[in-house]
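Scrolling down, you'll hit the structures one after another.
Here subunit A shows up in two complexes: once beside subunit B, once beside subunit C.
Moving on, here comes the complex of A and B:
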C-alpha cells in the first residue's frame, strides 16, 4: 500500500536457507556492536572512536533512540567540551566539564578523554579567541553530524528520532557558536527542507520542520526578521506545482500565515476585502480544476475562508471590520457560487455538504430559523448526500434530525 | 579485393533512411550477410542531416524525386557590422527530420536494449506554445496537465472543468470505448464540442497536441485520441516538465548513423553512392538478382527496397522550411516546471486561420520546432527553426509568415533570419510525415527482421533488438569482466 504516492517496500520476503544464515550473522554482528557501545558508554568513554561505533549502529537502526541519547551525551560531555576546554572560554551554558559527569569514573577514563582532547588540539590552528568555544572544531563536529544524518534521513524520511536529533544539533549550534554562523546553518536547513518537500511534498515531518526552521531564522537571537511574505509565496508555489491542489499541508500552512501576513502588510479594510476575494477566486478555481474523485484539501481551505467570515470570534479573521450585513451579503453570494458549481458537478458530495452548512450558518448569523424554501433545499441536498456518501448515513441522519427540529 | 557479387548475400537493403538503418541495427548481431547500399553519398536518406556546404551540394532529382522545389536563401546584408552572422559550414547540422520522440515510444527502450543508446545523447523537448493571432500575448503556453490548466487565467472556470473532464477521459480512453467509438470517424473538433462542451479556443489547444498536419475538420477522433493520450502520459516519465526527447546532432539522422555503424561493426557491408537500378525476383532459386548502379549484380535471399516516393493518389506533399536565426530566442525556452531540465527544443503551433496573409488563407496548421544551440545543430547564440505544413500553392509564403510571426512574438530585438532552406517533400500516405516518431516504423522493422531471420527469429533464440554488450568495443569500458 502506498501513502500519497510514496511506495512502501515489503519488509518481509521469502528467504532461502543461505539467506537465513547470513541474516543470523548480521544479527549477531549487530548485537555485538550494541553490547560494545553499551559497555563503552557505561565506562564514560566519550571518544571519537565510540562516536563512530554509534554511527555504525544508527545507520542500520535509526529508531534506537537510546543510542541517539548516548551520542548526545558523548558530544556534550566529551567532544564538545574538549574543544571548548582548550580555549579560555567562560560561557558554557549547557555543557559541563568532563570532571563533573565523570566524577565517579576511574582515572583511566579521564586520561583517555584528556588524551583525545590532545589529539584534537594538535590539529587546531585557530587561536582560542571566541568566547563561545572553539567554533572551528565545534562547527566541524556539528557539520559532521548534519552530514552524517542526511543520507539516513533520505533512507528513513519519517523517523522522528532523526528529526529530533537534527534539531538538537542545531540548537547546540545556537548555544555554542556565533549567531551568524548558526544562522548560516539554519539557512542551509531551509534549502534542505525545500528539496525534501519537492521529493515528497506532503511529508508532514517536512512541513513541521520547515516551520521550526523558519521560526529560528525569524528569531531575535539569530538576528532574524519576519519571513511571512516569502513563506506565503512558497505555499503559492507549492499549490501551483505538481499535485499541489490536493496538498493539504500547503493549504494549511497558507491559512496559518494569513493573519500575520495581513497585519504585517498593514492592510486596510479595502485591501483585506480584496485579499479575501482573491483567495476565494483561487480556491474556487482550484475546485473547478478538480474532477471525480474530488480532492478534499481544496474544500478544507474553502471552509477555512468561510469560517473567517461566519465564525470569526476567537478565530482567525481576514476582515475584522466587516459589519454583520457585510458578512450576510458575502455568504449569500457564496451560496450562489456553490449553486452554480453544482451545475455540472452533481456527483460531488462536497458541494451539497457546503450548501447545507452555509445555509444553516447564514440562518445562525441572521439569528433566525430557516425559511421553508431553505429547508426544502437542504432536505433535497441531504438526499443527494445520502446517495453519494452512504457510508456516513449516521451523520446524515443526525443532520436530518437537526433540520427537522427547526 | 572481392567484388560484391562474389558473396551470396542474405539481405540487401537499399537506402539508409531511419527505418532501414534500424533494420540494419536489428540484424547486426545475426550471422546473416548484409549488404547495405545507398545511392546518396551520405547516410540517412530522407532523414539525413547536412552542413551548409552539404546543403549547397544537395541537388535532389526535382522532377520525380522525394524532394522538390528546393529554394535556398542566405542573408547577404552587410554582415561585417553584425556580431551574430552565419558561421562556417560545419558549425551547422541541419536535419531533414526534426522528429521528436515521445518518452512512451518503444524506440527508446529498443535503443537501450540494443545497446546503442550510449552513442546517442538525448535532450528534452519542453515548452509547447500556441500562437494566438489576436494577442496579446501572441504566444501562450499549451497546458500539459492539471497544474497548467489551474494556472491559466485565460481559461474560465467552467472551461477548466470541461478540460479536466476531457483530460481524465483521454488518458484512459482505451478502457472507455463507449464514450468515443461511435464517433471514431468524426472530426476531433466536433467530438470535443458535442461531447465535452469545449469552446473553439480549447478545441485548438487539444488539436495542437496531436501535431496533426491536416485541417481541424480532417483530424479524426480515432487518429487523434491515442496521440493526445501519448502526449499527456509521456510527461514526467523521464523527469519533470517534459514528455519527449530528440537525439543531439541531428535527430533521426544521428540514429541512422549510429544504427548503420552497428550494422558495420556486425559485419554488414556498406556502399554509399550506389543505388539499385533493377531488382528481379528469381522465384525458382528463391533469390533476388539485384543490379547496382556501379555495374555489379548481386544475389540475395531477401531484398528490402528503398522506400520510394509514391505518385498520384497514394501520395501527399509536405512543405518545409529550415531557418537559422541570429538569436537564442530565450523567452521560448523558459521552464515553467520546478526541477525540469533545460529543454533544447520548443514547439510552437500555429492553428489554422491564425496567420493572416494578403495572398493566401492558412487552412492547415503550421508547426515550428525551435532547436537551440544545445542540439549541436548551430553555434551558440543562434537557433534553427524547422517549420512544417501541408503543401499548397501558397505554402512557402505561409511558412515564411509563420517564421516572421514567431520571431516577432518573442520580442527578441536582435533576432533576424540568416538562412532559409525551403523544400517540398513527397510521401506515401501509408507512412506520412510525422513530427513525432511513429512506433509503427518499429513494427515494420520487426516484421522485416523476422522474415530475414527465418527460424531463428521465430523460435525465440534471437530476440528483436535485444543484445548483450559487445566486449572491448565501448571505449568507456574500464573493466571488460564486469557485465
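Moving on, here comes the complex of A and C:
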C-alpha cells in the first residue's frame, strides 16, 4: 500500500527458501479466510461465527473496506434483529409479533425499514426472558464492536475506514437504544478521542472525530446542550501543553469556537474587547516565551485575530460593534507591537510579513494610498523578506510589483 | 497493479549535482507491480487495486510510455470491478465505492474506452452504460447539503464531492447532480486562512484544498476562492529541504508535491514556491536503479508516491514529460480529447 515514513532496511538480503515458503502459507491462509467470509456472506449467514471470522481478517487488514461493510450487514440484517435490548423496548410499543427473521430480511430494504423491523422484534410485549437474544443485547453487541475497534485504531490511527466504522456503530446506538444509553456511549468517545489526541496531537482524523462526537453530545436527540465552553477550555489546555504553540489544529478549532462562545455568553462590547485583547496577549506572550516567533501555527492564529478586525465583513468577528476608528487605533497599536517584536528577532520573516500585511490593511481601511514613510518601510521589510526567505522569491516579486503600483 | 511498497528504496545520502528522472526504471517498476502475487502485501492491498491501476497508468502516460501496460487487459480489469449498482469496487468482488468508481472512469477515459461502458457495462436497472455509472454517483449526493457520501454507508468528505464532479464531468453527465449546491457546500468549508477542510469547521488541509479547488474549477466557480490568502498559506507548505507538507509544521511528503502544487497552479500562483528546489526533492525520493518514488528520501517506494511525484514534476515543467492537467490529474491531452480544448 501507500507507505508513509517506512524506512527500507539497509540490508535487502534475499529471503531464504523457508521464508518464501512461510509467506506462501500466510498468503494461502489469508485468502482462504477471505474466501470463507465471502461464501458465508453470500449465503447470508449473518451469525456470530462469521462476525468472528471478519474480526480475524480485519485485525490483519483494517483497510479492507468491503469486509467492514460485510460486518455492517451481519449486524443489521442478522445479529441486531436476533438480539433484543430492554432499553429499546420502550421505543415502539406498537406491535406484538416479532415476525421478521434474518433469513427473510433482504439487503435491499432501506435502513429505516430495517430499524422498523428491529423494533418489531423488541416490543414491550416480549416477555423479559426474551430480552436477551443468543448474541446478547444490542448494547452488548455495540460495546463489543467499540472494544474490538480500539486496539486496531491505536495501531492504525490514520485508517479512514476505522474511524468511519466507529461512527456508524455509534449511530446505530442512536437509532436502536435509549437516548440516555447512547449518550453514555458518546461520552466515552470524548474521553477516548482525548486519549488519541494525546498520543498524536495533530491527528486529522482525531480532531474531525472530536467535532462529530461533540455535535452528537450537543444534539437534542441525545438531550444535549452546548459544549462550546468546555471545548474552548480544551483548546486552551492543548495550546499550553507540550508543543502546543505549534499545534495549528488546536488554534484552528479555537478560531471556530470563539464567535459562538461570545454569542452564548451574551458578551457586551466591553467584554468582547477584553476577550480580543486577551487572545492577542495569549498569542504574543506565547511567541515570546516558547520557541520565540518562528512557529507558523501561531502566526496563522495571529492572522485570524487580525482578520476579525481588518476584514470582518462576511467573516468571523469578535468585536462587531467597533467603529472604523476603533479598528484603525487597534491595528496601529498592533503595528507597534510587531515593530517591538523585531528587537531580537531580526531574522524572523513572519514579523516582516505581518508588518507589510497590516500596514497595507491599514491603508485599505482608511481608503488611502500608503504614505511615503509607510512605502519606504514596506520596501525595507520586503528586502529583509527576500534575504530571509529565498524559497518564496516569486511571492516577494509579486509583492514588490503591487507596492510599486501604490 | 499492486500497491506493494518496495522493493526499491529512495536514495538517502549524497547525490550527484545533476540528478535525472530515472524514466526507464520507473516504467519497469510500474510494469512489474502485477507480477508480485507471491508477496503477502500484494493480497493485503487488494482494496486499492483499481486506484493503483490509475496511479500506475497515469504515471506511464506522463512518462511518455502510454503503451507500457496492455490496453485490453486494462479494460478487462476495469469492467470486472463493476457492481450491479453501476459503481466500481477496488477489485472484482469488492463493494462499489466512489473513489474506485472515479479511478475506473479516469482509466477508461485515459485509454479512450469510455464507450466500452455502453457496450459492456453493468447496472441495467439504472439504464446501463455510462448512465448507470452516473446514476450511482448522483445517488450519493446529499440533496440537503450538496456534499457527497463515499458509498451507501454514508461517510461524507469533500474528497467525495470532488470525485463525483470529476467522474461525472468526464462522463458528460454533470447535469445529474445539483452542482450549485455542491459549490455552496465547498464555500461553507472555507477557513479564515483561505483553505478548505473535510467539512464545515474542519482544519485546512492541502489534500482537501486540492479537492475543493478542483471541484470549484469543474463547476466554473474558481472566482469564489480567496486567492491571496490561500496562495500565501499554500506557499508556506514548502520547507527548507524543498519538499511540501500538507499542514503547518508537519513533515514534507512527495504526495503533497501534487496536492499543493496543483492547487497553486489552479489559482495561478505556482511561482510562489521554489520549483527547482521541489524538483530536486522529488528526484531525491527516487530509487534510480529499481524504479519508484518514496514519500521521503530513504523510504520505501510505492506506486502512489511514484504517480504523484511524476505528476508534480510534470506540473513543474520537467523536460520530456507529458503535460498533466491540474484539475483532473490526468494527461492534458486526454482531458482535451474528452472535454474539448476549451474545457
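Everything that follows uses one rule, which is that the second predicted complex is superposed on the first by the 332 of 406 C-alpha atoms of A that agree within 3 Å, B and C clash if a C-alpha of one lies under 4 Å from a C-alpha of the other, contacts with A are read in each partner's own complex, and residues count from 1 in each chain.
Following the convention adopted for this analysis, contacts are C-beta pairs under 8 Å (C-beta built on N, C-alpha and C of every residue); 3 or more make two chains touch, one makes a residue touch a chain.
This is a predicted model, so every value here is computed, not measured.
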So, after the overlay on subunit A, do subunit B and subunit C clash or fit? They fit
Next on the checklist: Let me test your reading of the model: by the given contact rule, A:198 touches which partner, first (subunit B), second (subunit C), both or neither?
Outcome noted: first
Next on the checklist: Under the stated touch criterion, which partner chain does A:256 make contact with: subunit B (first), subunit C (second), both, or neither?
Outcome noted: second
* To do: Once the structures are superposed on A, label A:240 by its partner contacts, choosing first (subunit B), second (subunit C), both or neither.
  => first
Regarding the shared-chain residue A:345, is it in contact with subunit B (first), subunit C (second), both, or neither?
-> first
Original post:
Which partner does A:285 contact after superposing on A: first (subunit B), second (subunit C), both, neither?
Top reply: first
- Counting only touches as set out at the top, which of subunit B and subunit C does A:269 meet: first, second, both, neither? neither
_Output check: A:394 vs subunit B and subunit C. Expected answer is one of first, second, both, neither. What do you get?_
second
Apex subunit A angle, CA centroids, subunit B to subunit C, rounded to a multiple of 10 degrees, is 120
Subunit A contact check, subunit B vs subunit C, more residues touched by chain C
Min C-alpha distance subunit B to subunit C after superposition on A, in Å, is 17
Shared subunit A footprint, subunit B vs subunit C, residue numbers none
The subunit B residues in contact with subunit A across the complex are 146-147, 149-151, 157-158, 160-161, 164-165, 168, 236, 240, 337-339
Residue set of subunit A touching subunit B in the complex reads 198, 237, 240-245, 284-286, 288-292, 344-345
The subunit A residues in contact with subunit C across the complex are 1-8, 12, 20, 23-24, 26-27, 30-31, 38, 60-61, 63-66, 69, 72, 160, 164, 167-168, 202, 204, 207-208, 211, 246, 248-249, 252-253, 255-256, 295-297, 300, 303-304, 307, 315-316, 390-395, 397-398
Interface with subunit A, subunit C side, in the complex: residues 3-9, 38-41, 43-48, 89-90, 93-95, 97, 151, 153-155, 191-193, 198-199, 201-205, 231-233, 235-236, 238, 240, 242, 247-251, 253, 255, 269, 271-274, 277, 294-296, 298-300, 302, 304-305
